[in-house]
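Next, two complexes with chain A in common: one pairs it with chain B, the other with chain C.
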Partner chain A sequence: MQDIADSNQTALSMKMTVTKDKLVESVTHVMKAVSSRTTIPILTGIKITASLDGVTLTGSDSDVSIKSFIPLSENDQQNVTVEKTGQIVLQAKVFSDIVRKLPSDTIAIEVDQRLITKITAGSSEFTLNGLDPEEYPLLPVIDEEDNNIVSIKKDLLKHVIRQTVFAVSTSETRPVLTGVRWNIQNGKLDCVSTDSHRLAQRVIPISTDDETKYHNIVIPGKSLNELYKILDDNGEEPVRVIITKNQILFQIKNLDFFSRLLEGNYPDTDRLIPTDSKTTITLSTKGLLHAIERASLLAKEERNNVVKLRTHENSVEILSQSAELGRVYEDVPVETIEGEELKISFSAKLTMEALSRIDAQTIQINFTGAMRPFVIRPIGDEGILMLILPVRTF
Partner chain B sequence: MSWKTFIEKQKTAATIFTHALRKNELSHAYILEGPKGTGKREMAKLLAQTLFCENRKGIEPCHECRNCRRIASGNHPDIVWVKKEEDATLIKKEQITYLTREFAYRSVESQIKLFIIEDADLMSTQAANSLLKFIEEPHQNTVALLLTEHIHQLLDTIISRCQVLTFSALSRKDLEDKLIEQGISKPLAALSSQLTNRYDEAISYCKDEWFANARLLVIQLEQKLFNSTQAGLSTMYELFAPHFKDQKQWDIALDLLLFWYRDMMSIHLDRLSEVVYCDKLDELKSQTLQKSLQHIADDMAYILKAKRQLLSHVNGLSVMEELIVKLQGEA
Partner chain C sequence: MVSGHRVIFHIDMNCFYASVEIAHHPELSGHPLAIAGRVEDRKGIIVTSSYEARAKGVKTTMPVWKARQLCPELIVKQPNMTLYRETSKQIFDILRRVTPLVEKVSVDEGYMDVSSVVSVIHPVHLAKRIQRHLYKSLKLPCSIGIAPNKFLAKMASNMQKPMGLTILRKRDLPTTLWNLPIGDMHGVGSKTEEKLKKMNIHTIGDLAKFDRLRISERLGQPGISLFNHANGWDDRPVDPESEDRYKSIGHSTTLPVDTIDLTVVKEVFSKQSEKIAFKLKREHIASYQISIVIRYFDWTNITRNKTLKTPLITKQDILFQAMELFHRHWDDRPVRLLGITLTSFEALADSTTQLDLFTYQDELKKEPVVDLINAVTNKYGNNALQLASSMIKNRKVKNGEYKSNERTNE
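What follows is the complex of A and B.
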């Protein structure tokens, strides 16, 4: 009986108003992390936290979590008023649909002690059954004192992701290879990915004061792809990167992007990269890429999409053939060519993927024989390296 | 549920776990094996709560902290719990992919990860093989629990890498109590727990109207057999023949009949607590007065013989005919 009497004067556990635009924007962000196919029931919801400095929305599929923060006011514009701080979890799909369709510019959200949530906008009123916010997973708490914070410019981060994540393995047989290894040491961030047929590496200088606590981590490729989509084109903005025991956090203005890390030791890739060179060629990136694209038109009809490269005095010949269709060869001019004569076969697909991630005009390729991996480096950017294993042909 | 209560019910398994927990020497993979309803899932949940509980007292979890509550509601992100979906016959490929991916990721909140696979025998060989790799080279602080009712359908390679904990079948009394707990009436619970020691089978008998009717028919038949010399066969033709259709059903009919005679024997020997048709005690008593112990034993032998005939594919109806004539002749 006591309960019923109490609920009549419903003690509120949260009360706030927020502008519709801001809420829709935030919901759109966090919905990117919410998956309908989750095995953890609470993750079908969005967590809403009203605190004294603003409102935070959280969405997660446990691999990736996104937190979007709406500050009380921004550019002299009042976004949020919080009358009673608190939190609630609401069904993500329903909540996001409701928010988008509400009629007025401001939305009021009230939660009572029984987790019943009233969303009012204009003359429209929804009453939703909330879920217990205590059930929601805890995201790592960031200790500002810890020396785990690295700052990277947004456009640079986008490049780093684009130039490495394509080479991760898609097979689950060695799960650690489905991620990109980040190594932060000596003022450098060294990113490597490999699927054991090719390897991509990007090294950039970064500003860290000190050695970070967890300097060698493996970030799932899937998470980095998600992050790439979220990073907008406002390139000069810095992204704060914070590494904790189990997760990595990317902080972009009012958005926090968390990803879980992969378990296990990443193989030592340094010894895979040949240091010597028997044949060295310098040539136009686009020129080679387009020639391989053309050769691949026939090669891809075969099972393995393999093209051959043969060196001449001042050009290289790209050729391929298909038993059924015919053959193609093309002379590609080179700027310089040094060392032994060479005939080598390699996968057109892997090489095209690597070349298309290089922005520099010209590249240098180092070969150490037909059976050994070769290395592509853009001229003028020491930080990028693409390694490809040749294909044995008879 | 607590370890203390579990020690009483599943001594072996609970002792091994409590011992390992006390010494902090949990192995990386266990198979919890035993018939349905023996508490495998409850023990898995209890172990999870023990591992994650924030205010653990000794080895008993508090059941009240945030982690304990989240484990109870299936919301703890560091516990990967895979079970067969409701309509599926096997654990699906996506579930295995999810599982192997979770093996590869670090935990979300804590430093421990717990994997629980229910009905582990329902994995395809391929799926089981992909799991093998992770059970072989476990990461630190991961524990896997494989729950199964049919351990022999698991790959030998998996079994050999796990510690096997066998859950003993419920005793008749435990099964009966458990059924009564589920709201089953005592006579039905008693009877079905005689037929089987598997909880799932017993409860499906109890919920089947056919079974309740079969029981009533057997009681009716016994009344006829004792009260008149003619009606036995006709009851059989009129009522039994349409009710019991295949060999399996006839076999149940014979079992039910057998329990009736065994009850009479129990009354003779003054073991009233063992009477299965406990609600028909008066009838049983009055019938017992008409029969000697030797008589009852003979009758039971007839029934057992009939069961053998049924097994060698004699038509159920003819087996029953012969049996009734014999039982009546004796009476």
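What follows is the complex of A and C.
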């Protein structure tokens, strides 16, 4: 017979076991959303929910929320057993450190009604004070109407993020520029970012019906950087993207990644991208990148990192000087060169960042004058455009 | 000049503003006198006072009403900056007759490198002669510190006032300098004092004997300088030109009444920006760093700065950045004083502007000129044709400091 008093005191509000590998993986994911510098104390915790079909972990900093699900079993392997469904919030930092260091392959977690949480693994036993899961904010509820869903292959999404997020603004002067703007229309996803000194644009085809249309979706650069880290290299897998008025949800197998969207109208950048060209050159991406890297060795300490480019008959000259260090010249061969002669100054840093995100071997650069933006496009890939504003030197 | 055996004087005029007033109004002599701003403009803070006033407890930065409580017979005069500047010029003219190696630090203090002079006259005799001369011709008292470098000379002149004459030799440090509290060290402000005290450094001697590396870790390069100075090492030359080199241009304004009104703030910044832009233009320089200071009603100050990719040249640029800093850092409390300071200068001719996607079209007004210059340069070689602004290079802009092209008396 059970001792009634004892059972009352230790009445369980949750009990489950989970494999260590799965739990560590999940914790690692949701930790990406947890910030130690949050104004809402409960958000320093991870919410753990044990339900009949598995365990869900949630982390959030109120801008980004990540939900990671561990199903009862996968590929004939048992991940989780749930003896009593329930939920608890545990201090994220401590919990994540503990689960990583636990000695056995299975971890048992039980929570009593006073929110005291016992974590046992092998002969090790931790008792943690939990936080009230009722206080944990609810994640945005997103209506899954079918026409809302956009599907993008994981590796393509990673590329798109890598090629645009670097150009977002880090200054809060115009908050909307700290995000990447997405437009979806006619089966195409059009992503633009700019900090007003350079601009990156990537357009990719996506599988949607022609009806799907979104405008002015501005995703914080910070969120996309976190998402990029979570996306693994299992490239063919599709990511489902669901967009609402102020939230975007990326759904990958067993993982939901929510991000707040930035408010405000993203400027119409299409009008600002020159369509003509006064001087056009085609040359090797790496050849130009490396020449600028070398020239920047002297420009690094100078304000605005200025390097100069000067066109010749069959080459362009890259030069840079520093009053203190000295100067450097380098001739870079080109494949073709057309149009007016040109001498232009620009930031080595901005140009290197753009060039290093282009995978194609050859690029075309269209200049429209020494004081106007120039546009870099990879040959053989219409979908990418990098624009850079020059530096005025006198 | 024989290096390693320098003899440096630090001349420190005693209670300068008050002394000048007394020199010009002999009837004030022997009375407690204070110089303070106008009370109506809320600038009623004691700037300096005579020794008679100090004896009653009157101190610099004390409000006038408080000084009057301590010393009811106190005579308060408003500062006459024009007179002080003129007098200052006379003082330095006298000093420059001894040696051209005179560095003016402010209206009332300066360094002299007399190494080459002391071979003919003993330093103490020379110092006495200078002191006597200043007193006889201008009726102004001063203290002189004599030492092998600037730092020790400065510390020495502070040791005896008024009309003091103090020699500080390196071998005397353990018995003189090292016993002084760290807060008395030249270059140690209240913030640094706090940090040093936390490291258990309470006297200049504590600092001299402290671990150099740990000082460097906690306080960086400025800490190393202090450490060297505490040990009596200082190789900074006496620089006669330093007076003409400026690190910053700034303006600050005490408001007639505390305000939370943004239009008032903007008006104040606007006036300041205009003055600063005028000066930038006169000097043909551009600035890459702006800072603003906000003093709240309770005298707490905040200073915030921003480094820019696009140089500040015009009033509009300066005002825009100042307002932006203000909006970002103001905590809605009533403001008493506002100020803007620009630093990190570049000759306009050498300045570079990272163009902006949303505003580059405004810059295009200059494009025809740029095209023309490029065309002529290509045909006739470099510098065949230049903008006038790029030819004004005679003034030295170095390490973000500039040398003024006029000898101003500001």
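Here, the second predicted complex is superposed on the first by the 359 of 394 C-alpha atoms of A that agree within 3 Å, B and C clash if a C-alpha of one lies under 4 Å from a C-alpha of the other, contacts with A are read in each partner's own complex, and residues count from 1 in each chain.
One rule holds for everything that comes next: contacts are C-beta pairs under 8 Å (C-beta built on N, C-alpha and C of every residue); 3 or more make two chains touch, one makes a residue touch a chain.
This structure is a prediction, so every number in the text was calculated from the model and none was measured.
> Using the superposition on chain A, decide if chain B and chain C clash or fit.
clash
> Once the structures are superposed on A, label A:101 by its partner contacts, choosing first (chain B), second (chain C), both or neither.
Neither chain B nor chain C is touched by A:101.
> After the superposition on A, what does A:267 contact: first (chain B), second (chain C), both or neither?
Only chain C is touched by A:267; chain B is not.
> For A:347 in the superposed arrangement: first (chain B), second (chain C), both or neither?
In the superposed model, A:347 contacts chain C only, not chain B.
> Classify the contacts of A:138 with the two partner chains as first (chain B alone), second (chain C alone), both, or neither.
In the superposed model, A:138 contacts chain B only, not chain C.
> Which partner does A:199 reach: the first (chain B), the second (chain C), both, or neither?
second
> Figure out whether A:172 sits in contact with chain B (first) or chain C (second), or with both, or with neither.
Once the two structures are laid over each other on A, A:172 reaches both partners.
> Determine, under the contact definition given at the top, whether A:229 touches first (chain B), second (chain C), both, or neither.
Touch status of A:229: no partner.
> Per the contact definition in the header, classify A:393: touching chain B only (first), chain C only (second), both, or neither.
Touch partner of A:393: chain C, not chain B.
> Superposing on chain A puts chain C and chain B in one frame; which of 131-139, 329-337 or 401-409 is the clashing stretch?
Stretch clashing with the third chain: 329-337.
> Under the contact rule defined above, give the chain A residues that sit at the interface with chain B and also at the interface with chain C.
Residues 172 of chain A touch both chain B and chain C.
> Residue numbers of chain A touching chain B in their complex, please.
Residues 37, 39-43, 62-63, 134-138, 172, 175-176, 178, 220, 245-247, 260-264 of chain A touch chain B in their complex.
> Could you please specify the touching residues of chain A with respect to chain C in the complex?
Against chain C, chain A makes touches at 172-173, 194, 196-199, 267, 269, 272, 303-304, 306, 341, 343, 345, 347, 369-373, 387, 389-394.
> Residue numbers of chain C touching chain A in their complex, please.
Going by the criterion above, the answer is residues 288, 309, 324, 328, 346, 349, 352-358, 360, 363-364, 366-367, 370-371, 373-374, 378, 386-387, 389-390.
> Can you list the residues on chain B that touch chain A in the complex?
Going through chain B, the ones touching chain A are 66, 69-70, 73-77, 80-82, 94, 97-98, 100-101, 103-109, 111, 130, 139.
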